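In the two complexes that follow, subunit A is the common piece, with subunit B as its partner first and subunit C second.
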Partner chain A sequence: MASKRWADFISLYGSLLVVIIITAFFCLFARRFACWDNIQNIMVQTAIIGLTSLGLVTVMMAGEIDLSMGGTIGFTGALLAGLVMQQGYSLFSALGVCILVGLAFGFVSGWLVARYGLSSFLVSVSIMFIAMGLERAYTHGLTVWIRKRPDVLFLAQGKIAGLPVLMIILLAAVVIYWLWQTQFNSGIYIRAIGENIDAAREAGIRVVFLKTVAFMIAGGFFGFSGALNAIRTSGNVLYSGQHVWIPVLGACFFGATMFTRGKPNILGAVVGSFFFTIILNGLTLTHVAFYMVPIVQGLILIGAVGVTAMRRKEIEQVKF
Partner chain B sequence: MNITRGDIAVNEDKSVGIRNVLLRYGVFFFFGVFYIITGILQPKFLTIANLLDILEACSLAALVSCAMAVVVAGGGVDVSIGVVAGLGGLIAGFLIDAQWGYEIPVFVAVLVGLGVGAAIGTVTGLLVSLVRINSFIVTIALLFIIKGFRYSFTRGSSLMMLPDSFLAIGGGRIYGISYLTLWMIPIVAALYIMMEFTKMGRYIYMIGGNITASKTAGIGVRLYTFWTFFIAGLIAAFSGILVESHRGVGTVDMADGFLLDAFVGALLGTILLNGKQMVLGAFLGAVIFTSFINAAQILGVGPYWVYAIKGLLILMAVLINRLVSEER
Partner chain C sequence: MVENNQIYVRMEGIYKRFPGVQALKNVDLAVRRGESHALVGENGAGKSTLVKILTREYIEDAGKIFLGDHGDQEITRKTYLELQKMGFSLMHQDLNLVPSFTVAQNILLGREPLTKIKTMKWSELRETSSTIIRQVTDRISVTSRVEELSISQRALVAIARAVATKPQLLILDEPTARLDREGVDALFALLNTLKQEGVTIIYISHRLEEIYQMCDQVTVLRDGERTFTGPVKEIGQVELVNLIVGRKMEQQIPKEEVPIGEVVFSVKDFKPQEKVQEKVNFDLRKSEILGITGSVGAGKTELVRAIFGLDKRESGLVFVAGRKVSIKSTKNAIDEQIMLVPEDRREEGLVTDFSVRENLSLASLQKYCRLGFWINGKKEKTRAKGLVKNLTIHTPGIEQLVRNLSGGNQQKVVISRGLDSDARIFIFDEPTKGIDVGAKAEIYRFIGRLAKEGAGIIYISPELPEILGLCDRVLVMFGGRIMKQLSIMDTTKEEVLFYVMGGEKYGKQTVG
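Let's turn to the complex of A and B:
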């Protein structure tokens, strides 16, 4: 009996324990890991992945998947850099355009998936390709730099009251998103759709509408974090979305292993994104070779998901 | 899969009629029209030389697409296919590149490269079938690990001094036919025969269609799921070796684009043939998307739209397939 309870505990909080142990390890052995400057650093480094994960986890909670960020982040990044540098847009109108583009992509994939029952995997992969093509067509394969626009660069590189703006944006987004998910009907309904779509439909939830909304929220987040990504790196390098794609998927799947039995959840996604950055940051501070970072991240992901999968009776297949 | 093989097999009615034929083969009809129109607009498109070029350009994509199709047929997905290809090629090249001085016989090095692919396929297969982790997540984790590991031995430098005997594997032509095509055709044919005419292929399809029923029927679900990943790893590594010898240089990220190509080919193929004859579908998918890109370039669309064409192709195929199945 006791061993069963112990197994329950491990499967719910095992990966959180790993997060805590490794973070504690870095605190003890990585010089200057636990100081305030570095904590701000970690927050800033997490911002892009964290915001994108919030978007992805919305769709995952609705029982679908959205891989389109691999393209949309690059496209909106290029768009922001182009609008600001070549068309002379102000910061907020350029940001608005980026978020609108993200919402539009989200609407297309959401509508196709929710209304016509197309596979979200297929639709979002094709949206990713289309966005990558648009990015390349827009920039003609060139890197668009953001220079001499302190107002724009301030958003991702500046500080308000001693705190980095990116850190404030990330924390505010997490809090607002958390409130929406737990306090508003629409947030709860989206999770209900992911749990059991037929039951949700029977209960009178507008399944098609809310699924589309979930995809649009994801698209909006992707658009926003794509813009921030370009600002943070002072420009958009071709296919920058591809570099966010994999860590975000890793963080969300890692996050799904904690707090719930293998279900995507917000808190998990946030902890997962922070953890992946902490590994990067901590290993860099302990002078481990750079290529060890993805190796460690991958091994931890496999370990965490493997422990969750042990209770499963059958091979899990991919539905797409 | 949402593109349910089971449903379609049941719904298929055998009545003949121009309307039914059009509906059933609507996608093919569409692509046939495309070939003819492009041929009329630009006569160069349908010359033998250009068609051979298309075959060469699609060879590696067809290989990885067919490998992906085997995995997809068994109800899995392999996201690590591109980096496995790169790693297999990189390790084989590392052992024979004059700059590093290992000077191992080319034959042995190629075997080692294939062995790396098979080993990674084994790991994936075991994690999916024994530990029962979702294959999408397993392969994403492997993608992380390999992306790190491949920097550990060459430190990211390119392999520029590969011996000529290695370059001869993929870098030549006979009667205008590229060696890549000559390697691709027998492998794809072997995969096709395996999937369509052997017990193994039949079981893989059954597992992908309904795993619970397959288990009840006494099929070794774990064993055959394992084999799909093993085969994919092996073929991925071989295509990595081919791309390296074709280009004459090995870089760490030389095969990263294979993942996207494999996605496009396998997904397009699944939709084209309604999830039947997946290997043939993946091959056709690779041929079709390569010809679209080729046609776009011949018609002067410009290289910037390559990715958008791939995306639009999948989306269009999904939509047409959906419309057709609604009509039925």
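Let's turn to the complex of A and C:
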């Protein structure tokens, strides 16, 4: 019995152990990794990955996938930079526009997937390319720098009680999101839809509506984190969404190997976001060649997808 | 029981056609308030289709549904959710539960107690759901997650959910197929209480015992037509079985008389991990066709999958030609010259985007290779053409994609492929499921020829005419056990069906 309990523990917390071990490794062997400056740096980077992951994990819990962030983040980033620098928008109205754009993208993919049953993979990849095109059209391929706007840059550089503002935003978002996912019926229904859509339909849950909502929530998060990403880098470099793409996918799939039996979950996605940022940061500090970073991240993603697939199989052996 | 002759729900002149089959023809069904009404018939007789039309999951081609007797309220245009509010409740054959949710969440899914801002009232959810599940069983805690429960316990949760709405009409589609003994007792206790409260029940079952124990009225469907409705008390078990089978002209299956040889294959004390409850023993002889029959969930497929090494076994030995063999994987089985033609050809048997030729040589490609890797295209083509001709696969050519063939011809490709190997023992799992009559006849002829050439054949089918026409011997499974072994020469369709439905001893008329 003890061995079974041990196996259960490993299957639920094994990937968390991996995170802890690798973090400990960097603490010991990467100079300056564990110093407060660097930790703050990690927090700021994690915030972007984490907020985007919250969006993706919503769609994954509803049983679909949304890869559009690779394009929408770049587009909304460019939009924010343009609005505050060229159009003189205030921070909040610019953020509002970015979130609205994200919601609109989410609505389009959600409606196509939920109402007409198109493949979410293909729809969201198409949206990604459309957004990349729009980004290029909007910026004419030029980088828009954000300068002399302390009100805007405060978000990326400011601190409240010693913590980076972006981190506080992420923590607040996680708490609110977690409450919605676990306490509100709509959040719970989205998971029911993802696990057994027939059961949800039979129980009278509005499947099409809630699936669309899930995509819109994802879009909203993508738009928001795209804007924050541009602020963090003080301007938007063309196709910046591409750098977020792999870490976010990785965080969500890696997160699915944690705490549950192969199901996407919030806590896992947040831990996964930290993990992927730590790898990026740690590898950079240990002077590993820069091209190794995406290779390592890709390998971890494959590993995580593999573990998730195995877990699902274990469950599916007991058929309903 | 509430004695009351009012009609609660009435279906009139229901027609429903699916591609290639008329599922229902002019079926009437009248269920009185407070009665339990059994719906029986062979596989494909239209039982599930009829209740799915009643709950609006399917829409009929013609016909009407009314609530009540006079001053009828027509409900043909309502949706399932509207009907649910009016007191209908259906327990699906495939349970429809959310695995990672708790029992409480599943029982009240879509009807959770909520606060004003739509958050969950967890303690109320737990309390309400535990009063509901306590009607069924004390053994399941509402806080455990469904994925942690056994299959039987999950079925009990689905039943609890079906009664959670306090329905006036409860429809159960083979509720006992997934229940263990204890679960069946719990269900019956619940149904008896509900009957006393005046709940109307429609009960689909393949088990005679249950029908006589639970139901007042029985309707028999045969090939999509209603053949009988009457009180259960007035009809004997054997008579009921005769009604289900009917006296129709049987489709002739040509059975060639072949001398049966020595034992080529046997299993001893064999028990798969899944579904099968008791150790199984049987022999198979050369040139013999051994049928295995039983209703859905009896354990037929699970048994042969474990024999073929697809699923795990708990115990048992397998002998090929008297020699003990160890089968741990399908490769071992194929090496021992055993071949399984699976039930679900699209998922397990074929690559539908490959051509007929490619599918035919997929499993035995090694044979057509020079130096072990270079495909000898000419040899492969000749062989493929031979197989197509041999089994009369209707295809424009061997390069046609398999997805463009009809179901029957796809199945023939799967079978031919089995033939292309060196197997001596063939297991066919429902090879004629969902294919047309012409293709069926060709498959029967082909299997007959295989037997004549000396192969031993295990033939799984729930269709009794097939078993009786094709096989030499039949094992009847019920609830995960082999209930009876019958020689086809000395039995009748009625007798086989009697055991398929869980009858105890055939021959004496047991009434009531």
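Here is the rule we use: the second predicted complex is superposed on the first by the 258 of 320 C-alpha atoms of A that agree within 3 Å, B and C clash if a C-alpha of one lies under 4 Å from a C-alpha of the other, contacts with A are read in each partner's own complex, and residues count from 1 in each chain.
In this section, contacts are C-beta pairs under 8 Å (C-beta built on N, C-alpha and C of every residue); 3 or more make two chains touch, one makes a residue touch a chain.
All values derive from a computational prediction rather than experimental measurement.
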Partner chain(s) touched by A:38 [first = subunit B, second = subunit C, both, neither]: neither
Which superposed partner A:183 touches (first subunit B, second subunit C, both, neither): second
Subunit B versus subunit C as contact partner of A:157, first or second or both or neither: neither
Which superposed partner A:140 touches (first subunit B, second subunit C, both, neither): first
Partner chain(s) touched by A:284 [first = subunit B, second = subunit C, both, neither]: neither
Superposed model, subunit A: greater residue contact from subunit B or subunit C: B
Contacts of A:196 with subunit B and subunit C, given as first, second, both or neither: second
Contacts of A:298 with subunit B and subunit C, given as first, second, both or neither: first
Touched partner set for A:123, first subunit B, second subunit C, both or neither: first
Subunit A residues contacted in one complex by subunit B, in the other by subunit C: 315, 318, 320
Interfacial residue positions of subunit C with respect to subunit A in the complex: 80-81, 84, 92, 94-101, 105-106, 109-112, 114, 117-120, 147, 151, 154
Footprint of subunit C on subunit A - complex, ascending: 183-186, 188-189, 191-192, 195-196, 198-200, 202-205, 260-261, 263, 315, 318, 320
Contacting residues of subunit B [partner subunit A, same complex]: 1-3, 75-77, 127-129, 131-138, 140-145, 147-152, 208, 211-212, 215, 221-222, 225, 260, 263-264, 267, 271, 302-315, 318-319, 322
Residues on subunit A engaged by subunit B in the complex (per definition of touch): 71, 112, 116-119, 122-123, 125-134, 136-137, 140-141, 246, 249-250, 253, 289-299, 301-302, 305-306, 309-310, 312, 314-320
